[in-house]
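In what follows, a single structure is set out as structure tokens and then discussed.
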């Protein structure tokens, strides 16, 4: 078996959420690698949008640190305004979006703004960026984050990026257009959402992770899917591709 | 002619204490670092900073004590995560407390676009269901008179001054900007004044050879600064790429208040202007970021 | 590959009876005359035409009986004034009555932009105090929740199909359009389908050499038609200028119903496609409109 | 004295309304000639915007029939979207706009849509185009039209482009941003508006026109300014410039 990092496994799990031909709101870090991996494997016709205004149908010619790096614009099919790209989301043209988060709750609501709520503000985090927009407006949402007790909480203290709010029907009542989260890819497993209650459940465990461990670092009584599977590990080919786009392991902690 | 100024003059003339200043509107590239550093050196105070993703320039201005408020979607260090000066300011009031109006990337675009368009607000489907309604009292909700659906309303932002860095402009301020555009056009159209710093001042003929490339016309521009490397460590498409290591070092070295003070002195306060900054880094060192693999736009004919 | 179609195929496949069709969105230049003529030849019916200033193409489509409704700011013959077919339709119901939703150039931009942005309406300071509120029941008024001022609301337009003519596209429909842009981008982003006819089909490399020049990306384009001279008698920047005399003759010759019928037969119904249209005018004659004085855009570097 | 047409005189009168350094919403026909004349004489720093998205600070290299003609875009400083240009108006950045009209009334309201009102529609005219937007939003408005009885009516049957509505205070009550009309340049004279009542009055008579003639073709009891002047005729130099931009007299009926 090939050695790989947790981040590399997360990239592979992320790539699998992308279907061929989809328009994907990519973002940076692991999601960008997931997008590049998907394009190089099962989703060659997927296209990626970046919030600075860029649409790419082929990978950049050099590894990227930010979406504004010169190689991300060079060779793009469209480099327009941020407003045009964000309105693709609002218009409902984006199939899938990826975001990260500092704190998440049972219904997939994310906090990347104030830990401890706004008034007490124990920690000021960087804020929404485009995360809230993607969570609100993308057709499907995939969340990528570390699985830690302080991050998986019963109720987030501040909703930066809405998941399913208080459960089933909440997005519709709130007037949100996008479909909401379909997967949370963590350092320990992949979690999905009950179609009715919209509560998060554990769908697959990463190789080496145990159910007990996951439950321990999840701040509510976590449900487990009917058939708890093991997340398929990266293949050698997948790792090669990831390492091509993150040659120094900057994002994948190699 | 009258619009060509040094950065020192441009900031002195067009940025006042208490102003709302839009900066970093092209996102990660084309950040007007040189202008921001001059604002710090001139000790401007009580600024409101407006920008989507500010990267470390906002963090530096907050740490230097220039800022009383931020209207933003994200602030920190894009590749490293948090900005420590911002955290110290919000969590501990060091060097001073600041107010934050939280928006998202999309809604900050809408706010600047409303300002650009001369309308008081923009209706949108983003922001609904978020706690931005708590931390930004200016967002409202309404029921759509056409569809009955819920809409969030984002009020217009009209900055006193927008500062952008671009590839080239003529002496009147007619500006070509390419690559990552972000929300730069809307910010310039919304603002009362615009300062443009550029890699090159070019003849008018260069600009009018390609009027679709013009980001903003000169009549909206108050001052034009010829400032090569004015966006370093951020990228300028076709001129230089991003100096990622600079951001990594900033992250490492500004973790503490003392570390930040050292950085501020070393890279901003003790550096007279951008040409001295270039000397300090070393022209040779900077050549690493220059274009190594040319890719020119294919010809476009405007004749008749 | 699959997107490259003949004009006949593109219209047959993507324009249905009863559709809302946005056309002429670049204003006087780049009017997709070839597409409009094919719509007439295929006898499409009950179309709603959407466009700011339509010039004589709308007049031709109305006269040919394809149109049941127009959403427009101005319709006629730009250099000559009125369009006689439009007058006959509105005043006498010949060949059929049509409904008109009056807007202004600005408000039609706003309506298409609302459609492009996925919001139900746009607030604006235009339209207030006009009788457009009488002749367009979809315009509303509101009091601004921020300023208390009166605002007009323009509801979104979402065309079934937008048809544009542009200079060049690749096989995927990634399209470069330059010169007069008008409201073309908003119309394409708003519409369910987009048909692009172009002077040249180019390699993908041409498009991606200048991504800021792309008006719309191919993923929004349903069909691409290679149609040289497809905008004649209107202009295509860098390819050919406007054939003003053609518009003067149209004005003179379509004053009567009979005159219009003759014109329709001569220039549209009896002409199989655009290549036959070119033959009819004469390739030599058309050369008069070609670029005589070249003016190329100055180089732009995207490399790194 | 040089021979000139009424249209040429109107162009000269229009040019005099433009101040140096102003941003002018130009339009086509006589206003375009007026703008070009002003730039060549007393207003070299005026800049012109055209609603298709163009900003020019120098005249086009060839006479124009439409604002979209290739020479109007070639050499422009900005060729952007129609929306950007129209929003300059709404933002209050346009000092002066020109429009024409088919029917005008005592308070400068214009009709270019339905003669006889919408329901009876004796005549369907082309509609607003950008005229209504310019009339609503430009800092000052100058109207250029033929002085005929059927055109100068007590009350227009349809307001396409608002003037002062029902008189003083109406624009403010209506929420209009722009300043409203300051001059109506006709085939017979120049009319202006009372600062209080906003009623149109005759300010100058063109050479050869009589007050009786003007009153005859005006559909309400027309007031006359305190000092009725004669419109200064075009100079030889002015005519030369106009004829350079309209060499065949297409717009000036030579």
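Just so it is clear, A, B, C and D label the chains in written order, and each chain counts residues from 1 on its own.
One rule holds for everything that comes next: a contact is a pair of C-beta atoms (placed from the backbone, for glycine too) under 8 Å apart; a residue touches a chain by one contact, two chains touch by 3 or more.
It should be emphasised that the depicted structure is a prediction, and the values quoted were computed from it without experimental measurement.
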Chain D and chain C - chains in contact with each: B
If chain centres are mean C-alpha positions, then the most distant from chain B is chain D
More contacts between chains, A-C or A-B: A-B
Centre-to-centre distance between chain C and chain B (centres being mean Cα positions), rounded to whole Å: 37
For chain A paired with chain B, centre-to-centre distance based on mean C-alpha positions, whole Å: 27
List the centre-to-centre spacing of chain B and chain D in whole Å, with centres computed as mean CA coordinates. 40
Touching at least 2 other chains, the residues of chain C are 118-119, 124-125, 149, 151, 178-179, 181, 185, 212, 237-238, 241, 293, 295, 302-304
Counting only residues that touch at least two other chains, what does the list for chain D look like? 54, 61, 69-71, 73-75, 79-80, 90, 177
Identify every two-chain combination in which the chains touch. A-B, A-C, B-C, B-D, C-D
Counting only contacts in the complex, chain B reaches chain A at residues 26-29, 52-53, 72-76, 78-79, 81-83, 86-87, 90-91, 100, 102-107, 109-110, 113, 124-132, 134-135, 149-151, 178-183, 185-186, 234-235, 237-238, 241-242, 244, 293, 295
Which of the residues in chain D come into contact with chain B in the complex? 23, 47, 54-55, 57, 61-62, 69-71, 73-80, 84, 87-88, 90-93, 177
Any idea which chain C residues touch chain A in the complex? 116-119, 172, 174, 185, 189, 204, 207-208, 211-212, 214, 216-220, 302-304
Which residues of chain C touch chain B in the complex? 118-125, 140, 142, 144-147, 149, 151, 153, 155, 176, 178-179, 181, 205-206, 209-210, 212-213, 237-239, 241, 291-304
Provide the residue numbers of chain A that touch chain B in the complex, in ascending order. 28, 51-54, 61, 65-75, 79-83, 86, 89-90, 113-114, 118, 121-133, 136-137, 158-162, 165, 170-171, 174-177
